[in-house]
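Going by the order they are written in, the chains are A, B, C and D; count residues from 1 in each one.
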């Protein structure tokens, strides 16, 4: 029997959207038979900024038991699914900070042929949802990762915004503006499927 | 009195969406006092492909009197507003073909400090609307153009998709899925305003 | 025994650089056991432009027997290796024109899980070599392709410009300015290896 | 008499390359008549990481009197020149962290029509030098900034790597691998010139 595909779902979330997206990704990946670690990247914002935003503060409290992502998770995983909001069209510094810590693994070639996939959110339908995922993939290419963007492989792609680079969602005061749950799960399943191919092919 | 700002609105359209966007851009630019040339880039598709799509055929017939864009328009203009659909997240070959003809002007430095702005459309809300405009700007940077993306400078940015790189619209079987008319006009006005600053500043 | 991995090496070249790069890619892929088709995309430039440049004219004559790329090649292949010069930081219209013809295959889902990798050239060391390959990958993501950029997986990455998105080369009046032959071959080999994993994994 | 153009040169540097680039930018901008503030973004790395790298530690000590960048500098300046190394093809988290703090100014529209220009470095000639500057510009577009990339406007563009998005340099164990001093100064001068146009045009 094949060993399970190992997936690290790595997210940053200030008020909960990307935590929800990450949990859907976890659920989809498990449904496809993967072993999944759901981890959050470390917060960088000063406590005063967090305290001034009750939703942020509440979310951090709610997720205080979610483990923090470490480079060991990158080494352990066969595949990475990142879920991250945009900050001005690019990754938040919190997510970038985590990626930046991988220099040691990179130098040892331990990030090569990991499969990578990204998910994002923004306050506007075209407010950086495409760019944020694409900027993530720039870094994945430096790592030698294999990129498995969803394209239009899921039947729900067209009803969930149709972002071929990675499923993404618009977030307003009332939360998510589109129903992307199935699209996120399908992206996670596709990530596992591609990883499984790569892994089984590698072991032959 | 200041000479008018000269704007070339350059579009590619197969079935009419970007022609409409370009006309709105023309209208906005004129309202801001600019002299505007509205020009289409040459079609590259074989006649058989066009004939097999009645909407495409009808649109080409409808716009047969719109002048074709030439490199002279690039030299004449103080500013370019491009309107273009996506083709797999990048410019259609028709638009790229036109841009590729500018090598001579580029070699003479005649594209430097032109102001550039882009508008796009796609079949999905996140189906390349951001990337298509951004890929256009890559070329504009090679030209030494000054890029005036709309950002969130227009009050209607947030109700029209919020694409900070350039106004864009989703196109379905029933036509445009969002009302972007004011956003396109505001982007055109902003382009004229920035160009006017650059031009008047240059002449001082 | 496993069936051979099928690779389409698809290039555009006006004066021969990318034809050479494509031949190295072909050689690398064959060394790794693949079945390879080397095809050129159709020329779009008017004959007068070609005739005015003796090197261009000579190259077209020299390669007149190289088959032209068709969408059938895209359907046939398990993997695509594209080799293309930059034109103002983006694909030449000739290459984009070819990609744009794949709409029918895309609509039938026949481009999903093809493995893709890109190679480029430019007149300046940082004159769009990164961007051109990255813009190609934007389209590959729309296709649902699996992207196998070289990263720093080849031992010669660091002596050949270190472009992690795809091997690339600077071209001057005296031809290629860096020795990228081994890097191109290694990228082709890696493409075959990743494709082999994907294919064998898929068939299990 | 016209008031001086105000330029914030904002850099991140771990071992000194981008500090040097930033000082050249400062010098170029001053030669063009600008008032310049040279500021560094705050370090995020833990002291243990810094202490383990003697060059990093020494550089931080050497530059301890350079003021830290604040959002007030963004509000004060007419133009921003950013100088930053790559980290896996994108901005280092330190630089992104600083940009992320500008949400308040952005919400008040105070970043609109600032002129922006970027400079970068990487360990490989094509190791993200293009992408890092381009990713910076994504954020600048969200801000409503006017982007003045150098293109090929400087006569030394072609001898300094020819990066049209922003001057950039390769850094090895022996320091900078190309002579980009004049290109950086010319980019700074161009930034001041464009800003001067925009500012004088605005005030008319």
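In the analysis below, contacts are C-beta pairs under 8 Å (C-beta built on N, C-alpha and C of every residue); 3 or more make two chains touch, one makes a residue touch a chain.
As the structure is a prediction and not an experimental result, all values here were calculated from the model.
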Computing the C-alpha centre of each chain, which chain sits at the greatest distance from subunit A? B
Determine whether subunit A and subunit D, two copies of the same sequence, contact each other through the same residue numbers or different ones, counting it as same when over half of the numbers at the interface appear on both sides. same
Pick from A-C, A-D or A-B: which pair repeats the contacts of B-D, with over half of them the same residue pairs? A-C
The larger set of C-beta contacts, choosing between C-D and B-C, lies at B-C
Intercentroid distance (Cα basis), subunit C paired with subunit B, Å: 29
In whole angstrom, the CA-centroid distance of subunit C from subunit D equals 34
Of all residues in subunit A, the ones touching two or more other chains: 89, 106, 127-128, 131, 134, 138, 141-143, 164
Note: in the complex, subunit C contacts subunit A through residues 106, 109, 112-113, 134, 137-138, 141-153, 164-165, 194, 196-202, 204
Subunit D touches which residues of subunit C in the complex? 89, 122-131, 134, 157-158, 161-164, 168
Please output the residues of subunit C touching subunit B within their complex, sorted ascending. 44, 87-94, 96-97, 99-100, 102, 106, 127-128, 131, 135, 138-139, 141-143
